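First chain A sits with chain B, and in the next complex the same chain sits with chain C.
Let's look at the complex of A and B:
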């Protein structure tokens, strides 16, 4: 039997997904037995032009991590889509935008201002206010840099995606289970998330009783007891809205779920589901008190409800910083609220 | 924006606010036709996702209307609607949405006049704000096509040099 062909690629993400692949430990040898790794810039020597020369559809499986932030990443997403039979959005960034997607609260100009002008490590070394340019003319010809987009896109907002593997990063056991599913040809219907179809609460061993919250605490404000539901203790635990599969890792070490596995089946907007669930446990019928509980306990609502999924949400990004930065003079979303 | 007529999606509860709208109709009370009414069984049925989807699909404003607090047909679901409303509103404002575009209104089955006034007030406010066009926030970069083609061209040239 001939070996399958496997590719991995890394776009706008932190690189943790690449490391997570190695978390499958000695199974990596089984992967090498079953697949020829034809392209994996992080771990093996391969060039984009090698991929460009391959016939279309010749890669059996491509695990693509990272969102799409630049034209170069979009080009690579299109290339890997064309060359791969099965394209998997691997990890939260490709799936939902993840932390890099939170930059959708700003735009290119605001991000470049932070990096090239206001950042404590850049100023004053950039007195002429140089910014990256997509094309620069030099005597030898044109030099180019990828175009940096205003809005980070998820992989499936860019190209067609066959499967999703959630998590920031995906857990080793889930990666291995997905690889086995591919090898055995036991994949779920196209377009689905490879993983469990329940929520983190179902995997969480904590005791649950009635949820009534008078105050949301931030994680540094209290040390929760180790037996009872973290949400009932007032911590914003996202397990109620988050897909299972991690084994409730965070709640088991006394830390609330932050929602990296994204929404469960049938939910299109993760934050909406989380807001809906959280709001209903607030124990108050007084409008003023409700507003105070929310404002004091959740000072950064977008970063709380959409920590991993802003780019994949219905609204995708903020309004004040949309477009080409014309409105960027407005206060930042956080400052606007204060 | 002189001729701008806002599109407002109104989620009205079956037992109070929708009947208020009915009453307004049978009493010939006029209100602006800008509200597209969707009847829901209870304001507590309004998932934040409905509101977000409405905005993402082109609504200029969203109104949620239900029975007065304490008068819910389903005992206390309108309190849940209220909590969701404030939580969602805080999120929307943090994303740059003007607060006047998202409103919660209480209108009992007898308050056709009040509902009509609330709709009129909101329509005026949103008309003054202008169109929202949320989806344009993530429009493709005007240079995107060119940048992508440039990469293709560069790579083609690189291939020629090697082979």
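Let's look at the complex of A and C:
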């Protein structure tokens, strides 16, 4: 039997997803048995030009982690799409933008200001306020850097995606299950999120009753009891709105779910869902009191409700900072290097 | 396959056509909206000819969807749905859009009104394409009925149904049925003896073969829905075995413990620790008031058990939960009296000779604590001057804005009784005299003739601080006489406060159990204030008597009978239709987070502990959508209001903002437009 061809790629993400693949332990040997790893820059040697030379559709499976922040990432997404039969948005960044997507509250200029000007580690060393430039003239010729966009896009806002493997990072058991599904040809309908079709509470062993919340606490303010639903104790547990599949890992160690698996099937905007659910169970009829409960208990609404999904939400980015046309600009192919 | 949509734009005479160019709307819809195969305007769509237009087009043109742009769906949705059904098209594939109340009646600019009508028609057309055929369901109606509250309204309802041959469970909180009417001496305006007309009804109920009465009992829990409610009743421990007690009353006679009776005697008299509230009580079985009984409080006595000839006393009796099943519920829990200490300037509780109206009722009653004699708090002195103050706690923004409706008449009744029984002068201090019902104004005239004094003005204060010599030792009523235009101080010996009728303290709580709501003032809300006064928004739950708002005995009786008639109608029909526009929960998706559990205004959601999922009870759901939008797992779908349908409706309404002028069909897969494209810039 001929082996399948597997590729993994890493775009705008922390890299945890790459490590997570190794979490499948000895199954990695089975992977090696079943697949030829044709491209995995993090772990094996390989060149983009080699991929460019492969026939279109010749890679059986590509696990692509990370969102799309730069022109290079955009090019790679298009390339991997073209070359792969099955393209999987692997992990929260590719799926919904994740933490890098929170920078959509700002734009390139504001991000560069923070990093190159105001950042405590860079500022004293950068008195002339140098910024990365797409093209820099040096005596030897021109140097180019990928263009940094104002807006981080998810993988499916960039190219067509076949499946999603949620999680920050995806759990080993789900990764292995997905690989098995590919091997056995038992894939769900195209466009599916691989995981369960309910939310985290389903897997959470805590006792639940009717919900009435008088006050929200931040995690450092209380030590919740280990038996009862964390949300009922006033911690914003996102388990109610977050796709199950993780095994309710966080609530089981007395920590509220923060929502890394994204929404359940059919939900267009994760944060809006979560907000309307929580708003429904605040135990007051008095608008002023409700206002106070929210303002005191949830000082950072975007970070709470859209921690992982801002880039995939209806709003996608902050209007105040403005997104320019950078995201829509023509990609700068790596091949066009001077 | 594409749907075949028919559009019908109504002129409504000139109601719509006067402000909207209906021909233009119809012409435009026919040309511009995708899948429209017929588009017409017509003088009166609701007329039989208008309906026939739709029916013929369905048959001849093979329409699969119908849009009627006309008046409010409240008025004619049924009409057009029926027309579709007649022609073989499922009635839920017909969509109405309101271009009268929402457009023509509220517009002044013909062109803008026409544009708005187009947008609404486009919205309805886009939506209707996504609508699905739905079927109505049915439930059988259990012929038994639960009546809550054994006042005159509840008794009337009970008798109507029981006499018609249907089983009735009557639950009364007090040890006896009868309600407030049992406390009165006479009833206005006819001055019938209250007990004489009430007690026959009480004993009829007590002995009726179709009535099962639970007194000293309350409703604990209600589940299920119209046709098949399940009710848990808490029978409080009487400590007297109902079946053994013959009602001889020897226990009451011998009980050594006297207690102030704050309920029936309104604090004016005493009862024993073992008691029946009044001699004609139904049932005659007494109860032991354990908070005051010496055996329960101090472990001594047991006199009642020693004297009872049938060994009916049982000190160890426990509360019992009884389960019943009924098809309908009538709520007739009446009213409670306003607490007069909330108006300190009238001195109630501080000045001995200030009485409430209920205290005065008991005082007038021949079977009451004074044997019917009108006397001061000392129990012997006959007053020479009596003041009756109206609107205490009523018609007062600080307390209750409403008029209690019966107290003017009760004040006149009191005036009559005073003049009949004593030589005292009697004053009424009123703001407006409210005597609108049959024979009421005549009764007022009668009191004017009998010599009752009327002072028009709201009393500022009742005080015992005398300023003038002839005020010494009296209560002084300080009032602005608005007819004379002067301040007056009128010294009297006795003051009667006409305290307001208020909703029962537990009205909201009981309402929650039953899924019915209360008005701002706390009275149960009827389905329609004019056209449906005894039904509620919860099918199968009816209200009667003063729990729905202050009213007199004749109105309470009429409502009791009306509610019974409604219930009898349901029982005879045998089944009820249930609307298919309801929510449903996908068990696979539901994580059992329980967010939705206490959101439903109709109590339609229950939680299955075993499976760890929530469920919508179809017969109770009204399709309001509250839970649908709250479910964080997207497990709840509102039939007829799916995301797809709502999105399509929105796109329809924004037709002119969408590039080619033709409403795009909704993106069903939830794929989003690229971020840099503002709406309409594609």
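What we mean here is this: the second predicted complex is superposed on the first by the 323 of 338 C-alpha atoms of A that agree within 3 Å, B and C clash if a C-alpha of one lies under 4 Å from a C-alpha of the other, contacts with A are read in each partner's own complex, and residues count from 1 in each chain.
To be clear about the criterion, a contact is a pair of C-beta atoms (placed from the backbone, for glycine too) under 8 Å apart; a residue touches a chain by one contact, two chains touch by 3 or more.
Not measured: the values here are computed from a predicted model.
In the superposition on chain A, no contact is made by A:128 with either chain B or chain C.
When the two complexes are overlaid on their common chain A, residue A:151 makes contact with chain B and with chain C alike. Of the two partner chains placed by the overlay, neither chain B nor chain C lies in contact with A:2. With both structures placed on the common chain, the touch criterion links A:316 to chain B and to chain C.
With both structures placed on the common chain, the touch criterion links A:273 to chain B and to chain C.
In the superposition on chain A, contact is made by A:202 with chain C only, not with chain B.
Contact with chain B, but none with chain C, is seen for A:301 once the two complexes are overlaid on the shared chain. Between chain B and chain C, B contacts the larger number of chain A residues. Looking at chain A, you'll find residues 151, 153, 267-268, 273, 276, 280, 314, 316-317, 323 touch chain B in one structure and chain C in the other. Across the complex, chain A is touched by residues 47-49, 51-53, 55-56, 69, 76, 79-80, 82-84, 86-88, 90-91, 93-97, 132, 134, 136-139, 141, 143-144, 147-148, 150-152, 154-155, 158-159, 162 of chain B.
Chain A makes touch with chain B in their complex at residues 48-49, 52-53, 71-72, 74-75, 78, 105, 134-135, 144, 146-147, 149-151, 153, 267-269, 271-273, 275-276, 278-280, 282, 284-285, 287, 290-291, 294-295, 298, 300-302, 305, 313-323, 330, 333-334, 336-337. Contacts from chain C toward chain A in the complex involve residues 588-599, 612, 626, 629-635, 643, 669-670, 672, 674-676. The part of chain A that touches chain C in the complex is made up of residues 151, 153, 157, 191, 197-202, 208-212, 229, 231, 239-241, 244, 263-268, 273-274, 276-277, 280-281, 314, 316-317, 323, 325, 327-328.
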